[in-house]
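Look at the two complexes coming up: chain A is in both, with chain B in one and chain C in the other.
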Partner chain A sequence: MTASDGTIVSLENVAKHFGAVRALDGVDLRVDPGMCLGLVGHNGAGKSTLMNALAGILAPDRGVMKVHGHDLTDRYSVAVAGQNGIRCVFQELSLCPNLTVAENARIFHPSLTGWGWKRRAGDMIAGKLDEIFPGHGIQPDDIVGDLSIGKRQMVEIARAFTVTDASLHLVILDEPTSSLDAVTSKQLLDFVRVEVDQGLSCILISHMLGEVLDYCDRIVVMKDGLVVAARAGAEFNRDTLVAAMGNVVEMEEIEEHEAREWQRGKTPVAVEAKTDTGNDWAPFIAHKGEIVGLAGLAAHGQTRMLLKIYEAAMRGRKTATVSGPVALVAGDRQTDGIFHLWSISRNIGIRSLRGMVRRGLIDPVAEAAMGREWQDRIKIKTPDMNDNILSLSGGNQQKALFARALASDAEIILMDDPMRGVDVGTKLEVYDLIRDEAEKGRTFLWYTTEMDELYNCDHTYVFRDGAIVADLTRKELSEEKVLQSSFKESA
Partner chain B sequence: MLDALTSPRFLRAALPAASFAILLAAIFYVQPRAMSYFGMNLMLQYTVPIALATIAQMFIITVNDLDLSIGPFVGLTACIGATMLADTPLLGLVALAACVAAYAALGALIHLRNLPSLVVTLGMSFVWLGIAVLVLPTPGGTAPGWVKAVVGLKTPYVPYPIIAAVAIGLVVHLALMTSSYGAVLRGAGGNPRAIGRAGWSLLKIKMVMYSAAGFFGVLSGLSLIGLTSAADAHIADRYTLYAIAGVILGGGEFVGGRVSPIGAVIGAMTLTLTGSFLTFLKISPDWQIGAQGGILIIVLALRALINRREG
Partner chain C sequence: MTLIKQLSAKAWIWSFIGMVLVWLVTAIYTGGKGSADVITAALSFATFTVIVGIGQMFVITTGPGNVDLSIPSTISLSGAVAMKIMGGSDAMLIVGFLASLGCGLAVGMFNYMLIRVLRIPPIIATLSSSFLILSTAIAYGRGLKIKPPPLLADFTTAQVSGVPVLAVVIILFAVVMSVVLNRTLYGRAVLAIGQNMRAAWLAGINVERIRFMTYVLSAVLAAICGFLLSGFSGGASLNMGQEYLLASIAVVVIGGTSVAGGKANIPGIWGAAMFMFLLVTMLNTFGASAGIRLIMTGLIIVAVITIAGGDEPQR
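And now, the complex of A and B:
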């Protein structure tokens, strides 16, 4: 087979098994030039495995892999992928935090050597950042570890689009917008559209179905390691897409919640706080049993507010009034959430150790019982709760973190954008759980960068530059209002 | 401007130099006569071997490992230098090259078998010591004339150890911090998986870093016998901890590939000066090691404060 029909990559019957787990079970996929291909499916459906195979990190167990018409199945590797112009932006960031932005760009390009490489690498990455994310505020000599998670993701994305010697044909984006706010997400997706119209191809893996529906020419739905649907983007709508993914939960449940809106102020105040800026439009108040949203662009003081409340509760600081014990569900689960070396049960039990102590030691029976209880309640998919936490998929790890908070004695649960990169099914399950717990009297403070999640909240505060700039009831809440407040010119 | 000067990044970089300057000022205050060409030369003459051993340790720390054998290794190369290299130069050079190759092999072993470097190097420290005792059973030997000549250079105005230390710092800075492959090497400490995914060989990186460490260990051993003119298997046992302390004092961190060659050299100089300072204060040598530890703790506490401000 020598003549190529222009296809960039084609996979035939590709399979990859990890022990008994069939991550890929015979997948066919074709990417043509100038195509934006959306890839959706639950966590654990095999999307990331498929991407790793395309990137040359995992060698498939069987199947045929052709790049530009050449059969490369047996000699495919990261380097070969790079030579053929195939790049990946991974879900977990793959930048070196100790290096500068420019140095990270160099790592991608073996040919960037010799005198002045730093300046050339810096110019290249800065140019690409300007092109994709105008007004990004990132300098090439910034140390990556000092940047916020959103900016790191911008660097990572821009890096994937930089070109030196090998020409670029296909960029695979895995959850590229999970740490970006609405504006930068749109900048990215618009950029992708422009590049695709000029002949580049993209694979967009995303849980934001709106993004996939709006920007992709073709949508491939995966489930249990198989492709279950592959059609032109225009043939799908939100409902059919969710149905194809095998999600039977109705999206209308959120609407129903509206009807049960809390009569704000009928229960006692659980949390009262102000930001340090002194520019708050209103104080931050949460009543018992309420779900309160913290909205706005990413990293505009929402996490700081949550930490402030956390410190007030845990360390007795007088910076905020908190009525009861709190628990925090971390958003950056790899750094702030899970204990990598511990079992799932132990990861869940850590917040409740005080109740599980017998004769000065942790009671293993109580710990296992708590693990089992929450495995059932929150549906953590694992054969054994004593397995290491890293054996779980990302969404299930996040469930374990929710279980940790909900299993504790905390009356107030702080959530620091915990749904990053979590699939729709898991999200809906967790939303239900949150509403149930709120009805039982727990208070939830929920920082989220996703508009859809705010509709689960009874009340929403919008943050900008560290201060509260809007105070919206459920009825007043709309995407337009939140965006408007997020970008209001400061007087 | 003031913002740049009080930014955590700048403070972190400036802390090693500031600690060194404060210590030097304290010494001049206690003992003004030290403020002379001769005084500085005397106080800092052992800086060069310690700085070289510190740089060796820094290469290992860059890739998230720790070398507990650098002291005995420096001792071994000193013994080889004072015997074989002096008697049969060719054989000596081959033996020293073999030492560097052994370090590269250790790096490969640690990477391929995914072994903890602490365990491997702790074991190897006894191996180096054993070989050193075989090479030179009793203290003695003679340093080759050319080694003594290089180490004993007299420079006008600025004492030689300072010039040598600055040169070492700058050369390694150029190689590790500004070269394009240096970025890859440091990246392997920051996020090895990312480096692997970008198509670089982590095995090669580990081997390069370990052989660089071996090479600087050899230089350290040779410069040491240049000063002492004889060797002993135990001559550099303390260097293991000096080297670790020097890297950390110089702004390096145990994990994450955050290192600074110039800082490491300054850290080594600070450690050497601490000894003199405590002597000038008439503190009994029994307390010196403890006092050195105290200075280390103060500097690290300051760094923790800076880092907290950043977070």
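And now, the complex of A and C:
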């Protein structure tokens, strides 16, 4: 392979091991100019490790890495990747939370110096945000830490596409849409398509197979640290893609499960609350054993509603009526979920310690047993539950947070867009788990930015600008209705 | 698990290694003369540092920004109040001890109130409350020349074949607190809050109650230290807590507790407290002047923390 054939990056037989875990076990990958490459696979298949290698963050144990035809295996780093026009948008956001949007944009562009750099950086990032996400509502002088996770993701994405002096050849998007709602996801993917048609290359990692099938020229499927299939996008359909990922769960199952006969109001009310806006179309009500969806565009008051209910339950406040103990499954796992110094077992057990106390002391045997039980039930991919939580891939960390809530004594489970970074197979298993637990009388309040997930709910409330604007039964639910309500006034 | 175990073991082992090294150097320099006595003295004096160090450790472990600077003035106040109430009489021993505990309880609640209700950062809150506490102690100051009850003086200075009785009691206390840290709901909650306060709250932990308990614990331990220390040194004085400001923080950090929060260990506090005392003794034996002694102490502490602190969490 020579410099003249235009290949941006090629990897040959790249491997990376973490102790006994073979994250990458000899992977070949090639990215040509003007190509949108989709990368799919289960949690822990090695996708993120591969991207970290491409971005220069992890040095592979073996293999050859060529950029623009030059062998850079031994001196590849984040800086070298940047010089060669390779950028990465990470699943774990890499913005500095204490800086403004403009200051974060500047970090990528050392050439922005002298008087007024902040204004120029602000103009640059605002321009790119306008281009990708029209109507985003982000100001360049907003502090990143104050933005919702969806908006942080938008800033991170827009920043990756900004250009000053170094030219841009390849942008790696690691699950960019998992924190975005349907509208912004589409804006991003359409933008990517336009850029790719103009010669830029993208790698899109996603668990949303529809996106990959619709937008990618070529699809690479990974499993257990290996590439198991790599074909043109048009040669795959949903079923063959799922089959290639090695998923035994049939996709029809989603439809099969769809209709659970649910009679609203046959069981007592578990949660009753109103938003603080006073503009609610209807009060928020969940009955015992019900799965209630919170829909709408990202960050329109859904999380605030969940936190209000959580606070009412924890502090015994009267701001909402809650009938029993609650547990929360965080979606923003770095901020709201994991304890980074602890093992997986400890992270799962923390919500249930009260029940493990024997003679005043926590019983370590009971804690380990709970960890093992949930490793089996929710299939956490790790050789040892006593390993640190950060040794898990993002999706598996999310599973541990699910286990934490489901293992607890909570009768009401609040879910704050909890499926970020979780693969298709696991999602289906967790859906089943949720449905089983609901049958047993647990109540689920489920905020989600994915339309498909709402079909698991018995009842859905749509939020806009902090208020409830629609109240849909399972039969009334449709994507059009949700979108229509989400936009009523602005459209 | 083995890795985590090794790392946490590494965190506290350094203070013991330092302790043994410093002791050996001193022993070699003096030709072994009085080496046993040095250990006895180190145990006696380290005991008081360990008492306040344990309280400080729990506070520091609840996360960045949490520290209790009111320890020295609480020691002074508690000592003064107890001495005056007891008036040198054994009969009043229990009452004096309860008064000490009361001082600690009041200080802890006051500190927490400043932090929680007025939302003052802990470092400022405890610093300003320390001025108030010290003024109270001065206003109360006439108790300062009172001798401790003989029973208290005897207990705090008692030795059995060179081993101070009080040190043994506090070693047992350290073991109990170690169990509290690692095996109780309270300890687990402290460790969780120190890593991520918001996640801890969302995982069902009553964060504010735990923080309250932690600040009260630290103040109560400081008060107990003041009570015992005035018995040990023949009466209370206003500046008797002074050296415990930096010492309480230093032993926590040298002992391997993470200043970033969420990771703590108690054995290291004992090692570090012994190490600090032996270090000063060693420099004294060398005949170093006060200036050199302070410089060396500072440098050696920095060195120990650099070596022992090499396992910062990945984040």
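To be clear about the criterion, the second predicted complex is superposed on the first by the 485 of 491 C-alpha atoms of A that agree within 3 Å, B and C clash if a C-alpha of one lies under 4 Å from a C-alpha of the other, contacts with A are read in each partner's own complex, and residues count from 1 in each chain.
Methods note: a contact is a pair of C-beta atoms (placed from the backbone, for glycine too) under 8 Å apart; a residue touches a chain by one contact, two chains touch by 3 or more.
If you're wondering where the values come from, they're calculated on a predicted model, not measured in any experiment.
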Clash-or-fit label for the pair chain B, chain C on chain A: clash
Touched partner set for A:Gln198, first chain B, second chain C, both or neither: neither
Which of chain B and chain C A:Leu341 touches, first, second, both or neither: second
Partner chain(s) touched by A:Arg106 [first = chain B, second = chain C, both, neither]: first
Touched partner set for A:Ser167, first chain B, second chain C, both or neither: neither
Which of chain B and chain C A:Phe90 touches, first, second, both or neither: first
Touching partner for A:Asn98 - first (chain B), second (chain C), both, neither: first
Partner chain in contact with A:Trp117 - chain B first, chain C second, else both or neither: first
Contact footprint of chain C on chain A as seen in their complex: 310, 314, 327-328, 330, 335-343, 350-351, 353-354, 357, 360-362, 364, 384, 386-388, 390, 404, 408
Residues of chain C that touch chain A when the two form their complex: 1, 4, 179, 183-185, 188, 191-192, 195-196, 198-206, 262-263, 313-315
Residues of chain B that touch chain A when the two form their complex: 9, 178, 180-181, 183-184, 186-187, 189-191, 193-200, 256-258, 310
List of chain A residues in touch with chain B within their complex: 55, 57, 77-79, 82, 88, 90, 94-99, 103-104, 106-108, 110, 112-114, 117-118, 143, 145-146
